[in-house]
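Next come two complexes built around chain A: one with chain B, the other with chain C.
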Partner chain A sequence: MKTSAVLVLPAVVILGAFFVVPLIWVVILSFLSSGPTGEVQQTFTLGNYARFLTDSYYVNDLLLRTIRLAAIATLFSVVIGYLGAFVIARAAPTTQTWLILLVMLPLWVNLVVRTLSLMVVLGRNGLVNQILVGLGISARPLPLLYNETAVLIGMVQVAVPFVVMSVFGVLQAIPRQLEQAAMTVGATPLSAFRRVTLPLSVPGILAGSVLAFGINVESFVVPILLGGGRVRFMSVAAYETATVSNNLPFAATIGVILLIVTMVMLGVYQWAVRSAGRPVAAVQAA
Partner chain B sequence: MMGKFLAAMAISLAATLSAQAQTRELVVGAFGGAYTEALKKNIAQFEKDNDVKVTFIPASGADGLAKAMAKEIDVVHADMAWAYRGEAQGAFEKIDPKIVTNLDKLYPRARFSDYGVITNFGEYGIAYNPKEVTPAPSSWLDLWDAKYDGAVSTTGFDAANIELLVLMAKLNGGNEDNIDPGFKKMAELGKHIPVFYSQHPQLLDLFRNNEIIISRWLRGRVDWANKQGVSLGFAVPKEGAIALVSTVHVVKGRPNTELAQKFVNHLLSVDGQTTYASDLGYTPARAGLDLKGINVPYGEDVVGSLLIADWKKIVPKMDAWKERWEKEVVAR
Partner chain C sequence: MQRTLVGSTLWYVGTVLFFAFLLAPLAILIAVSFNPVAMVFPPQGFTLKWYVTILDKPDFLYAAWASTILGVATALLSTGLGVLAAIGLQRQRGAARAFASSLLMSPLFIPAVIVALALFQIIFMMGLVNNIYTLLAAHVVVTLPYPLRNVMAQMEGFDVRLEEAALSVGATPRQALWRVTLPLLKASIIPSLIIVFVLSWNNYTVSVFLANKNWTTLPLQLRAYLQYEYEPFVAAMSTVLIVASVILLVIVDRTVGLGAVRRRN
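Take a look at the complex of A and B:
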């Protein structure tokens, strides 16, 4: 056996036993039916998928809303995260260490605690509203909690550190000389960034946005706490279908549909960004 | 050196295992938190009398039934919906009146079925901010009052809101089998609600910040809010308080069934039942207790006036009702 195969074995075994096998079980479950008191019946059916896909509530209110919110949050996360990563990459080495620590800090705090503290900040008498009213920007406290905006803010807060770390790694690896070279032949700092640094950092943006979208679309704590029961989300619907309605097969169906849609979207996105990046690389090579 | 160490490990492991084999273990799934702490209070005597070690694990609802079906626990707690589901799925043993001798001391309403028993009741009523809500609410319909539009709350589709839904159906010519009038009424309430609370501390904050001034809430939680410095009133509506019901069941197919029955009997004993009132503020299921000095509603009248719908009819419809709730009540 090759050494590389041995090294990858633990990861394969763990993923296989604790991820792939349960996932296969969930897929099988989604094709079974549920009895009146929640018992899973061993009869094959497409009914769960039909129930989801033929009902505009599930397709529009649930699936499309989930994807739309996750996509918008990803866009904001990437822009904010990229700016952060850029600042850190250009900072002095000591400052860099501290800034990275600052970015990692939220990841060490429990997500529920972080989300609850966000509720304090965004509440009617919270910090944000006090500032807005205090500065006269708004006459009355704004409803910042328990709506889609709150969920978006929560998701961005969760995803930004992941974007920063993926982009920072790539930015660090780009030699500064390339940008300087561009400027010696007459490029402004802005166009040097736009035509040299930005295209070269596409792999970081790609990795960061895939991570951010993956985290956002599976988000659970954030929509439950910040949505106030009004902002519907696939993960929350799957959980409640299992624990309140006690329809495990239909809960599995919601999970499988989300998984398939997410995977297809990420595939298309990666392909689109890669093929958009290719002509730029070709121009640079020439 | 390493060999000696491993041998020592093996010996100590064997010793632990044999020690465990000597004392029997009873695994009880309960709601966790203060509830489990209260159950633990009187457990030492029970353990001594029966030479058993009782282990409590958090397990209720979907999780509790799954653990019962997997035969991982001996006793499980549930609410009305999960109790009927467990019974229908054959998860429970019949309660044995020969061992559970306290059974005939209970209020008739506490006799859930042959497969389980209600241990205690809580009361959902109306919590309100007395500065903003005058006069005090007297009916569940006060939640619908246009004065409180945007400042009223309740939870999502939970057991107590299902009771409220059924009540609204009954007040408008329907019942468990004809729920449409209930949904029509709940949809009106939904329009007044800015946030469906999911956590008790969340509702406390909403009251504290004056974002909510009236809400469906639990009696014990209103006392808790007052202790937290958020002064609230609690009203029992004239239609009756909605019952929070805790049931207990003996899991089928476990080795210590008899012991599990004894444990259920222990929960229904005078000490066990008094603890529900003194430590948790819940109404005991047992009649004839002396609860002097404990501020908890108690008695046949209290238990008799609680709103408890026909859950046997509701359970098979919950999946469909949950979907309607999302479409008709939550959607604006």
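Take a look at the complex of A and C:
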């Protein structure tokens, strides 16, 4: 064997043993049934999938809710993240370094800590409620925590820095002269942005949205803490089915369905990149 | 862009709102940690007692120790494997390279909960016990893509002739690796070590499946505590974690620059 292959081997072996084999096992397990005391029975069945897909609780309250909230959070993350990236890209170089540091800071802070910080802000006596009541906008504190809105806010907060970094990279690469050229031939700043900068930043928007959706759809800490057990998510359901209900095959089924959602989303992304890629390349070449 | 008075006011208001959205909750959490009374902002006084309390919580100290050991071990192992694999992949062409690199990057695209679930189930089936090694294996698997990508990105501009030169003047392949290749890759190895440590130190989803009473990490301990206690102690504990993160972030920025780290996304 070549020496270079030997160097790759340890990583491949570790990943094979602790990732590929377990993953294959999860897929197999999702087609097995679970006995009354939680033991796995070695008989092939489609029962787990049938149970999931015929129960409106699993389909609507779990799968579709996860996808819906992840999609809404992605939309907000992309809009907010784009604005942030745009502001940073237009800042002076020294300011830029600081702003990027500030955007990246949350990524380094523990997710449990970040989610806890939102609990403090959104709680019954939290800052948001104090402001709402203090200004007389609301007569009494609103229930901002332990519901879908809280989970959405949490997911947006988690995903925004990733969107900023994706979009910022692309915005940096767009020559400012293009926008200026549009304005010299009579475009207003707004239409120059809309017709030049925005279309050119589509690859960054796509990359940011796929990252944001991927992070949101597998959310675990955020729905647990900000949803307070009321907002059920696929990841949480898989965890509870495996550890609390001790039904390993059904937990595997939930995991595989989540995996399929992720893969479909990645496929759509690949397709979007291919179809969006050409016009951008054409403009850049021109 | 032309800036009218209204336009530039809007611009600054927007910028402030954007950063407030990202960072104000953390600032408020820090402020709350000095509140002697309850988890409420603004604080009704100033105290450091919750920070002193940390020293009286052996569970937290032990979890911090466990997290550190796990983080360091994951950083060394994951970066080591990633660096070796990147160097190896660099010298390969064609289908084998494409297959190996997409295999090694694939944990990035698989939800972490599924990786954790898979390992949990295998361990359960084989009747093994969750311990530091299973936790370590899981952390290595989910972090491996980061050092691999960092080092591979740096290798794109790597001049293989430097290695060949070392070999031609009589260095053994091992000497060439240790004295030429690895030092040249330092700019991607050091940030990789830190990123992997931070990812491991902060990990919750994978750890919660595989941890047990003897190996509870800091995020798990914090979350467990939050279930029945909600007092400024958790804010103080969180503040310590935030400060530690800021210090690491600044160290990376000052030593290797954040540009190297930014590639992780």
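Side notes on the structure shown:
Please note the rule applied: the second predicted complex is superposed on the first by the 248 of 286 C-alpha atoms of A that agree within 3 Å, B and C clash if a C-alpha of one lies under 4 Å from a C-alpha of the other, contacts with A are read in each partner's own complex, and residues count from 1 in each chain.
Criterion: contacts are C-beta pairs under 8 Å (C-beta built on N, C-alpha and C of every residue); 3 or more make two chains touch, one makes a residue touch a chain.
These numbers come from a predicted model, not from an experiment.
Three-chain overlay on chain A, with chain B and chain C in a clash. Counted by residues of chain A touched, the larger count belongs to C, out of chain B and chain C.
In the superposition on chain A, contact is made by A:G255 with chain C only, not with chain B. In the superposition on chain A, contact of A:P36 is made with chain B only, not with chain C. In the superposition on chain A, A:A242 contacts both chain B and chain C. By the document's definition of touching, neither partner reaches A:L171: not chain B, not chain C.
By the document's definition of touching, of the two partners only chain B reaches A:Y146; chain C does not.
In the superposition on chain A, contact of A:S117 is made with chain C only, not with chain B.
Contact with neither chain B nor chain C is seen for A:V78 once the two complexes are overlaid on the shared chain. Applying the stated contact rule after C-alpha superposition, one finds that A:I67 touches neither chain B nor chain C. Legend: residue contacts after superposition of the two complexes on their common chain; A:N125 is shown touching both chain B and chain C. The clash between chain C and chain B in the superposition falls on 127-135, which is one of the stretches 1-9, 37-45 or 127-135. Judged by the document's definition of touching, chain A residues 123, 125, 224-225, 242-243 lie at the interface with chain B and also at the interface with chain C. Residues of chain C touching chain A in their complex: 1-2, 11, 14-15, 18-19, 21-26, 28-29, 32, 39-41, 81-82, 84-85, 87-92, 96, 100, 103-104, 106-107, 109-115, 117-122, 124-125, 137-138, 140-141, 144, 148, 173, 198, 201-202, 204-205, 208-209, 218-219, 222-223, 226, 234-235, 238, 241-242, 245-246, 248-249, 253, 258, 261-262, 265. Within the complex formed with chain C, the chain A residues making contact are 2-12, 14-15, 17-23, 25-26, 29, 40, 80, 83-84, 87, 90, 97, 99-106, 108-114, 116-118, 120-121, 123, 125-127, 130, 157, 160-162, 165-166, 169, 179, 189, 193, 211, 214, 217-218, 220-221, 224-225, 234-235, 238-239, 242-243, 248, 251-252, 255-256, 258-259, 262-263, 266. Contact residues on chain A toward chain B in their complex (touch as defined above): 34, 36-39, 57, 61, 119, 123-125, 143, 145-146, 224-225, 228-230, 232, 240-247, 250. For chain B in complex with chain A, the residues that touch the partner chain are 61-62, 81, 84-85, 88-89, 155-158, 194-199, 202, 205, 209-211, 315-316, 318-319, 322-323, 326-327, 330-332.
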